[in-house]
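Going by the order they are written in, the chains are A, B, C and D; count residues from 1 in each one.
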Amino acid sequence: MDDPGKHASGMSKLWPDARAALDGIVKDGMLLAIGGFGLCGIPEALIVALRDTGVRNLTIASNNAGVDGWGLGLLLETHQVKKMISSYVGENIEFERQYLSGELDVEFCPQGTLAERMRAGGAGIPGFYTRTGIGTLVAEGKEHKVFDGVTYILERGIQADVALVKAWKADLHGNLIYRRTARNFNPNAATCAKITVAEVEIVVQPGDLDPDEIHTPGIYVHRLVHNPQPEKRIEKRTVRTE
Amino acid sequence: MDDPGKHASGMSKLWPDARAALDGIVKDGMLLAIGGFGLCGIPEALIVALRDTGVRNLTIASNNAGVDGWGLGLLLETHQVKKMISSYVGENIEFERQYLSGELDVEFCPQGTLAERMRAGGAGIPGFYTRTGIGTLVAEGKEHKVFDGVTYILERGIQADVALVKAWKADLHGNLIYRRTARNFNPNAATCAKITVAEVEIVVQPGDLDPDEIHTPGIYVHRLVHNPQPEKRIEKRTVRTE
Amino acid sequence: MAWTRKQMAARAARELQNGYYVNLGIGIPTLVANYIPAGMTVTLQSENGLLGMGPFPRETEIDADLINAGKETVTFVPGASTFSSADSFAMIRGGHIDLAILGAMQVSERGDLANWMIPGKRVKGMGGAMDLVSGVRRIVVLMEHTTPDGEAKLLHICTLPLTGTGVVHRVITDLCVLDVTPSGFEVIEFADGITREQLEQRTEATLHFR
Amino acid sequence: MAWTRKQMAARAARELQNGYYVNLGIGIPTLVANYIPAGMTVTLQSENGLLGMGPFPRETEIDADLINAGKETVTFVPGASTFSSADSFAMIRGGHIDLAILGAMQVSERGDLANWMIPGKRVKGMGGAMDLVSGVRRIVVLMEHTTPDGEAKLLHICTLPLTGTGVVHRVITDLCVLDVTPSGFEVIEFADGITREQLEQRTEATLHFR
């Protein structure tokens, strides 16, 4: 295989824990794609394990940057991140400090463009045209092209070295099912990396999932980690009273 | 609404039958996207109803052109099709005759490019780059562009006037679930048209489907037709004997 | 008298039509969901991957896996569906959402919108705002007519970095309702007791009146 | 002696590795599935939307909704998944399939492949072949060394319309196995009793031997 450790032995892709699953596949200077929207559907254990590897100078494509002390915020505290490619980073004071002081580079990317860039990167599409960002800072320096009288900008696919994603359920072949809005960027991040590691709450045998209900086919998933009880912190606990 | 008949009254999108569902929305010269791979997962009743409308000069984007006497073959017999956008049309003698005699125009499009063009058309992406077809007849006349030292060609999104698709199960809001490989082009065709009509075997109430198992959200489906017992002809009935 | 936030939301709810698929932004636009007329079916999209968003959950219904684009816990209604971010924005970018009601910092008389960044202040990012304004069929802005300091938000030309150009169709403020027309802002409704002069005083852009 | 179709398929099966995701073309390549070594896990992709394709069904298992890319009824194995055509070709185009074993009409010494069209004869279309050859990581062609009429299929330059340029890595025929190298075809194996001279006689392209 061209990518070491890409396929687990046999067809069980399950690794003992998050630390073992990241061993040997993450390196300084890598580009990572990480799933999640806010703190919803983030690969909690893998992020902690990534911090503990001590790898540095990472570029991370992820919609958000976590909060202080949780999610990707953990990697900001330890200065392991060189650059974020994100659409919204408003929940993180340490992020802001590093960004304003120039310690951290940020490429702001519209949310839909970011998701589509991950999908494109995984789908062998190096570039696509979109209206999003026309006439704004986002369009600066990008190729403009007219289709049927309307102007679009060229956006590039993202191909990551490693993707870390969170799903609800998996079989041992790495087929994934997500739950509710914890799906978000995870299916897109899962496709765009050379090696994808998935953290899941439930692991079942191949054949236990109906083929029609699988969201991410196992071909995209190289290593699985079982985390049966993630914390799942809630950012804004809103309830109705009536 | 800008598109007449786009939304059914209230939120039940169910129409009495295929003929009624096509009434007023198909016109001469339209571009239609039609799901199916071979005869698998084709909207049988809608194709028959489309023939019966008598509309002519249609351009049809569909992976295949049916067989003589079934599927899109029905529309070829009646000379209602001006042009096909397809990847493979080898199963149809009448098709071949019309094509060789110049009665029918054909745009051959690689299968993956065709599927992606439908997806792009539905996703607001007017063009994307792909390696597929580089150095072949397919690349002739198309823009070539180099990304990271590799040459790609520009392919255009397809936006159809009407899409006809086949699903297995739907709720009254038009949420669709496909079955096995009868899914094929249907989810992609469903997204790329101004008006999408879906033929389904089972109709349930909103809330009967889990949100996580829906393949095509109801926003893409404007009219539903219930066909509980489609013929589902098999092109190559292959069995193992041991 | 200026409209209250609730009155603004109620007025914005009159933009809805039966069968519409709608995206509501954070802030006052979120309140619009409370004013959907009885008997009208409007399906709410949340760009993090939910079509058919319901109200906030009861305490016992809270589900960490089910949030809206503002990261608040929510519920879903019968007929809801979930999907990936790429699929969500394919829906938005592809023009399948009928209407988005969004907040704004500034709107220009050409329909330019600024709602994501104040240079020199804290930068949070555009989230899905740029995708929404360039993809959704109709964009209605719902905002206070001026800043808390009384500065005009309806301008000849936006001074803040733009979210989109020529994208706004209608603006609903606490003082009036305006359409963006080829000749600029046209006032089509006044809040009770608000005069033409009061509007002109609080607006930098040229106002046209029917 | 030339290899039989079964021997060709068995030889092609030696290209497989444990854990591989593989697409098998129509014709002889389909037979390769019968020679997957015991204990080796190979997952078959069918480009119409199935990963984890199984053998043909028993009579009682036939399902009109479950076919392969050759439109034959098939089954699926435990761990299979289904998906749309766009998702299937995203998988193919994106380089996620390890290996495709395909038939061909002609292969050039630069690795060009022609397998979809004979001008003036019946035109059926390229199906997914162009997507496969440009997307899959490794392309092995499995075909008879010459046409039934004895015409060479391994050429300096393909004369038929191309499916892809510079895409073939290895060719397995009934007479030998060849690699496409920067200097052209290199014969790496002979069928039993086949000589260098016999190969050269039936090949238009220049052959290199180790």
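Observations on the model:
Just so it is clear, a residue touches a chain if its C-beta (ideal position, glycine included) is under 8 Å from a C-beta of that chain, and two chains touch if they have at least 3 such contacts.
Note that this is a predicted model, so its numbers are computed, not measured.
Shared contact partners of chain A and chain C comprise B. Centroid distances from chain D, each centroid being the mean of CA atoms, peak for C. Centre to centre, using the average C-alpha position, chain B and chain C are separated by 35 Å. The mean-CA centres of chain B and chain D are about 29 angstrom from one another, to the nearest whole unit. Mean C-alpha positions place chain C and chain D at a centre distance of 54 Å. Within chain D, residues 50, 76, 82-83, 89-90, 92-93, 135 each touch two or more of the remaining chains. The set of chain A residues that touch two or more partner chains comprises 116, 119, 123-125, 130-131, 178-180, 183, 211-212, 215.
Arrangement of the chains shown, judged by which pairs touch: an irregular graph that fits none of the line, ring, star or complete shapes. Contact between chains, as defined at the top, is found for A-B, A-C, A-D, B-C, B-D. Across the complex, chain D meets chain A through its residues 17-19, 21, 41, 43, 45, 50-52, 76-83, 89-97, 135, 137. If you check the complex, the residues on chain B that touch chain C are 1-2, 7-11, 119, 121-125, 171-173, 175, 191, 205-207, 211-212, 214, 217-220.
Residues of chain B touching chain D in their complex: 37-41, 63, 86-91, 96, 99, 108, 110-116, 118-119, 130-138, 168, 178-188, 215, 232-240. Those residues of chain B that touch chain A in the shared complex are 116, 120, 123-131, 145, 147-148, 150, 152, 156, 177-180, 183, 211-213, 215.
Contacts from chain D toward chain B in the complex involve residues 46-50, 55-59, 62-68, 70-74, 76, 82-86, 88-90, 92-93, 112, 117, 122-131, 134-135, 161-166.
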